[in-house]
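Each structure below appears as structure tokens.
Below are two complexes that have subunit A in common, paired first with subunit B and then with subunit C.
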Partner chain A sequence: MQREGQVRIPSGCAISAMISLKGAATTGEAITKSMVPMRDRSNGLGGGFAGYGIYPDFQDFYAFHVFFDDVAAQKECEKYLKEGYEIVKSEPIPIRKIPEITDVPIIWRYFVAPLQSVLSRLQLDEKEFVARTVIKINSQFQGSYVFSSGKNMGAFKAVGFPEDVGRFYRLEEYAGYAWTAHGRYPTNTPGWWGGAHPFGILDYTVVHNGEISSYDANRRFIEMFGYKCSLQTDTEVIAYIADYLLRRQKLTLEETAAVIAAPFWSVVDSLPQKESEQLSYLRKVFPSLLLTGPFSIVLGFDGGLMALNDRLKLRSMVVAEKDDMRYVASEEAAIRIMAPNAEKVYAPAGGEPVIFKVQKGAL
Partner chain B sequence: MSVQYLSSEFDVVRNLERCVSCNLCVRECANGVHRIDERSRKLVVDESKCVDCQRCVAMCPTRALKIVKNENSFKENANWSADLISEIVKQSNTGAVLLSSMGAPKPTPVYWDRILINASQVTNPSIDPLREPMETRVFLGKKPEQIRRASDGSLDVSMEPQLVLETPVMFSAMSYGSISYNAHESLARAAQELGVFYNTGEGGLHEDFYRYGANTIVQVASGRFGVHEDYLNAGAAIEIKMGQGAKPGVGGHLPGAKIVGDVSRTRMIPEGVDAISPAPHHDVYSIEDLRQLVYSLKEATRRTKPIIVKVAAVHNIAAIASGVARSGADIIAIDGFRGGTGAAPTRIRDNVGIPVELALAAVDERLRAEGIRNNVSLVVGGSIRNAADVVKAIALGADACYIATAALIALGCRLCRSCQTGRCNWGIATQRPELVQRLDPNVGARRLVNLLSAWRHEIKELMGGMGINSIETLRGNRLMLRGIGMTEKELDILGIKHAGE
Partner chain C sequence: MRVIEAKNKSFDVLNDEIYQSGDELKIVECLGQRFIASGSRGKRIVISGVPGNALGAYLAGSEIIVEGNAQDAVGDTMNDGLIVIHGNVGDAVGYAMRGGIILVQGNAGYRVGIHMKEYKEKKPAIVIGGRVGSFLGEYQAGGLIVALGLHKDDKETLGAFPCAGMHGGKLFVRGGLGTVSFPEQTTVKIANPEDLAEIRPLIAKFCETFGYDFAKIIDEPFTLVTPNVANPYKQMYVAN
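Moving on to the complex of A and B:
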């Protein structure tokens, strides 16, 4: 049977997310529990989380979370890392052995800083260098897979139900200002850990429920810019698109949403001139980054979250708030677990981005 | 009596019980097949002149006529087919190069027919085009590499000129001269109504048609016929014709007999003189020369028009396209082996070039590998036969398609492949006033609009089935295609998987 990446596997899913606008830290316990009522949306073949603000002591370093198939792969990968980075800490990611999670690979984390000498020799900015490293390892280093690579944040994922994955990674021991979660329902899978969500590059992570019909158009476009879609999953290509539009093209979050869930021409043509021109421009320049087909996603980034549905709203997604907390989930039941008294529950319209950012100065 | 080396290709079958001797067929057949015998005053036929254009059949009020293949046959021979024998006879009669028109009729593989399209089931919903918006608008032209911002922080929306198409199908180049005034008017009006473009070909633009300029692509070919500043500025885009799929490597030849009146004026050449377009542009012997031509046309139009470079699909098309994409061209049009023509040497038409499906797949992949796919849009033609071909072409990587033969069929053409004779009974490939007036531009335009409207519906239906509601996300989406009955190598070039994979 082919491993994920050699074959494209469609899947349905559950997502959930929370953020404190004041930047207050919450442990990973609540987000883990939020996935329990949505158990029907997963099938035990993939679960994962991303936490933001979880590594305050190492906030100046990129935190690489890596799966290795074996020690040989780890050695080879570390050798490559050392050529470009100073590794300030290298350790196994703490886990809890539980019967629900089996076939555990080597799960390691590194806190690293790119070597200035290497950056100046390659004339690359730091983030671009890190992104290239991750793409190179994931596409060329057999048996090594970097699944998290941002600063002061981290993704945790495994084959299993999400609530078990949360316990396995001892998420109650981490505290962050924002969390996202994902439970996966792949229609067929060799059960590889790398295939679970979230998928991320630098500090951008994506959890996603849906199956985009535009996948290959998106993939073939984004691969022109140095990205390599080694997993053949929607989430991976969406994360790369977010990185390309936000970091490399420097679009705003709203503009990014207008590219990937572009309003229909009938709407654009009827808007006031300036707005219409801006939106048509984005559509003309990035037609191949439009996503069609059903999706609900939560994009995590340094300092915030953005929730977005496809433009026809073909997947459920609700948001709610309570005090300084904001929540997003596939189902309201998940939000009620995190905040039983959550208010202003509403379902954003298709293509309407919901952006939550931690208040300035709070972090 | 002389030997008749060849029997006629067709038999004209007249049902005498139905025939009312109205003699309409006599007037309709410009080839003089039907005739009234002077002495007997009876209808007689000379089937040797029949080209099977089906005009008399279509016009006969009592449906008394049928044109059928002549059953007379050569002794069967798997090596020496009837076509080959006939060609040898014709050449030994005349000593001349064989000429033919329209696309190659030989059974070379049509890859469109070996490609199947996907549809959504269960994991992803299909979309009903009757209930949900289904977008088919595309923009052709160069896209910026990096966005820029104005001083107020908003996006600087200026960009290279673009062509906007409401449906990704345009009418490709057919010159005034090779086809009639009424055929051109039908195409121009239909393009305007459909929100697409038609193409003047290399015959210049008749002064009456300047008013359709917003939906016109003006062509500059090696003969430079009819090219002047107003002409260049009259259209929405300029196409440099470097080659044509039906006859790669050779130029064009419009016989003096067709260079009459307005045609001569529009081409800016004297009446009755053969219009010969040389095989190469004599100012373009290399890619650098092409770049100069592209930029001089841009300058001549103050950089307001996208420049299309049309090339024939030949063996190293990917490398050629990569060069063209770096030449400043905004759009590359690739014309395939099966593309039509008003006249081409038969040997060239049937043996030179490659199918457009393979050329398109190779070019799209190459431009992506080089990271320059955004520099240009890709338009493909030769031959796109229906909406499914359009969908397959776009999924392979095209931005839009060119059609010509299909458009002519809508106007009446029955592919008799005799355009070079100038006696088109349908008023299309002719300049004879009595034939031209048979094509009413009102009817012609309506039939073209009907055709493309029908295609648009079908394209939307196929897209909806795939769960795609915007044509942009179909472009290059090769996972939506599967091959059937192809070799590993063919699949590899097309960049698609086999059905069942």
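Moving on to the complex of A and C:
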């Protein structure tokens, strides 16, 4: 099979998300169904979901979801994992055999904790160590791909239509306080399991509708900091940018949005001095992390979601609310599936981040 | 009047039913089906639920009434007819519209009337009751766009960068313009009674459709924006 980068497919995508501000758990059924009215935005070459709060019994362990091409790849990868981690549970991710999903790789999950002895020898904090592990496996271990690596969360993805992917992974058996979803219509590259969305590192996941024309400039910059874009898919770089800006540079979500969807200089100049100075500072420090081209994304993280459009708003995205629930989707129709009586349906402006966080103490 | 259940139907199945039905019909439980009534003429279609993208694309004379919100690209390349939305619309309403009328009671997204054009008696018109997103009338080449600013929140009626690339047609904005600025290739002035004569029937239709007091609406000052010369972007092209 030809993979990413070996073939170009000329070209849409669908995204959807939900979160309970009270931290109440919803099964993966609603988010799966929300993708049905947006079926025409995908072409069956990729679907995926991320659920937050889905592993309460293992919340202190990193949940690695991994695709393996074959048993040999799995053995080699596990050998490497055991050098740095205590593996408290290792099991196949439960699936449902359905005719719509074919060419299934080995899909495994590991609940792991980094070994303290290794961390102190390397003088790394836990998250940095985990991030490095994921990047190393994905870039150096042929046939192994860690597609989810956060605590108490998980990504599920495959080649297929998203509603079939949701059934395939039995998402109705999981319950989480937040969910994101993606239906893929690959532009430029073929569909394969690793190339489906969400893309993630640690607890950050990204689902994306659009095409990042600055991809290579972004990639060259982010790879200076140890990340490796091994999939040649634009969305991957957004996940690493989020990790770099939020975890490593400790920017706020608003600042991160102001870097990746920076306002035009004409807008920056028209703002009050303090705001203008701050925005121009961010643009000057991180010029290579501006994402150009059309995008609507939902960034998932521990305790919340952030929805963001490119500054020209070249992709559709609507937001709505109902009681403690907040919804985001490419189309209002998707939101109406999750919440028929959703209120305050509105379309955020380009570059305007919409941030939903679970109330303090609710989780 | 025939009632069509849209629930769980794909857009092609739904559209086949629409084309094969009589001239008066109602679609219920509509949810995201695209291209509804595209290219049709002579029908009157009432829709409850949320119609999908490109509602009434290439419309050739039918009348479409949506009881709530609609999504993106309503009336894409519409030729003739009427689309009424009793709610908000998404982005690019009236994309490359060539004739007919679109009336939106609520707010509209980005790029209202992008690439709208006119030719002889074919003169499209869009009226947005509330506020509109950025890039209103982008590359507008003809037709009328009217923004009434009847929204209740404190946001400005127009988003950023209105009339970018405008080279034909007219934009009317009711009430204050706030901080928005227009490109140098446009002329911005207070509309006089002769200017307003052109949009009075349109606003009357809007008021009649949604139940507003015409006198109250027409009483506010309107701003008229037009391109300032016949070929405002001449300098951007090589003369040959």
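Keep in mind that, in the parts below, the second predicted complex is superposed on the first by the 349 of 363 C-alpha atoms of A that agree within 3 Å, B and C clash if a C-alpha of one lies under 4 Å from a C-alpha of the other, contacts with A are read in each partner's own complex, and residues count from 1 in each chain.
Everything below uses one rule, namely that contacts are C-beta pairs under 8 Å (C-beta built on N, C-alpha and C of every residue); 3 or more make two chains touch, one makes a residue touch a chain.
Keep in mind that this is a model prediction, so the values were computed, not measured.
*Asks:* Answer with first, second, both or neither: which of subunit B and subunit C does A:299 touch in the superposed model?
*Replies:* A:299: touches no partner chain.
*Asks:* Looking at subunit A, does subunit C or subunit B touch more of its residues?
*Replies:* The partner that reaches more residues of subunit A in the superposed model: B.
*Asks:* In the overlay, answer first, second, both or neither for which of subunit B and subunit C A:224 touches.
*Replies:* first
*Asks:* Touching A:259, do we find subunit B (first), subunit C (second), both, or neither?
*Replies:* Touch partners of A:259: none, neither subunit B nor subunit C.
*Asks:* Does the superposition put A:237 against subunit B (first), subunit C (second), both, or neither?
*Replies:* After superposing on A, A:237 lies clear of both subunit B and subunit C.
*Asks:* If you stack the two complexes on chain A, which partner ends up touching A:207: first (subunit B), second (subunit C), both, or neither?
*Replies:* Neither: A:207 stays clear of subunit B and subunit C.
*Asks:* For A:316, is the partner it touches subunit B (first), subunit C (second), both, or none of the two (neither)?
*Replies:* The second partner, subunit C, only.
*Asks:* Mind working out whether A:30 is in touch with subunit B, subunit C, both or neither, as first, second, both or neither?
*Replies:* A:30: touches no partner chain.
*Asks:* Residues on subunit A in contact with subunit B in one complex and with subunit C in the other?
*Replies:* In the superposed arrangement, which is not itself an observed complex, subunit A uses residues 312 for both subunit B and subunit C.
*Asks:* Mind listing the subunit B positions that touch subunit A in their complex?
*Replies:* Of all residues in subunit B, those touching subunit A are 120, 123-125, 127, 132-133, 135, 137-139, 143-144, 146-147, 154-155, 157, 159, 162, 368, 371, 373-374, 397, 466-470, 472-480.
*Asks:* Enumerate the contact residues on subunit A facing subunit C in the complex.
*Replies:* Touching subunit C: residues 37-40, 267, 270, 312-313, 316, 318, 331-334, 336-337, 345-347, 349-350 of subunit A.
*Asks:* Which residues of subunit A touch subunit B in the complex?
*Replies:* Residue list for subunit A touching subunit B: 8, 10-12, 187, 210-211, 213-218, 220-221, 223-225, 249-251, 255, 262, 264-266, 274, 277-278, 280-282, 284-285, 287-288, 290-294, 311-312, 314.
*Asks:* Report the residues of subunit C in contact with subunit A in the complex, numbered from low to high.
*Replies:* 10-11, 31-34, 49-50, 52-53, 69, 71-72, 88, 90-91, 109-110, 133-135, 159-160, 179
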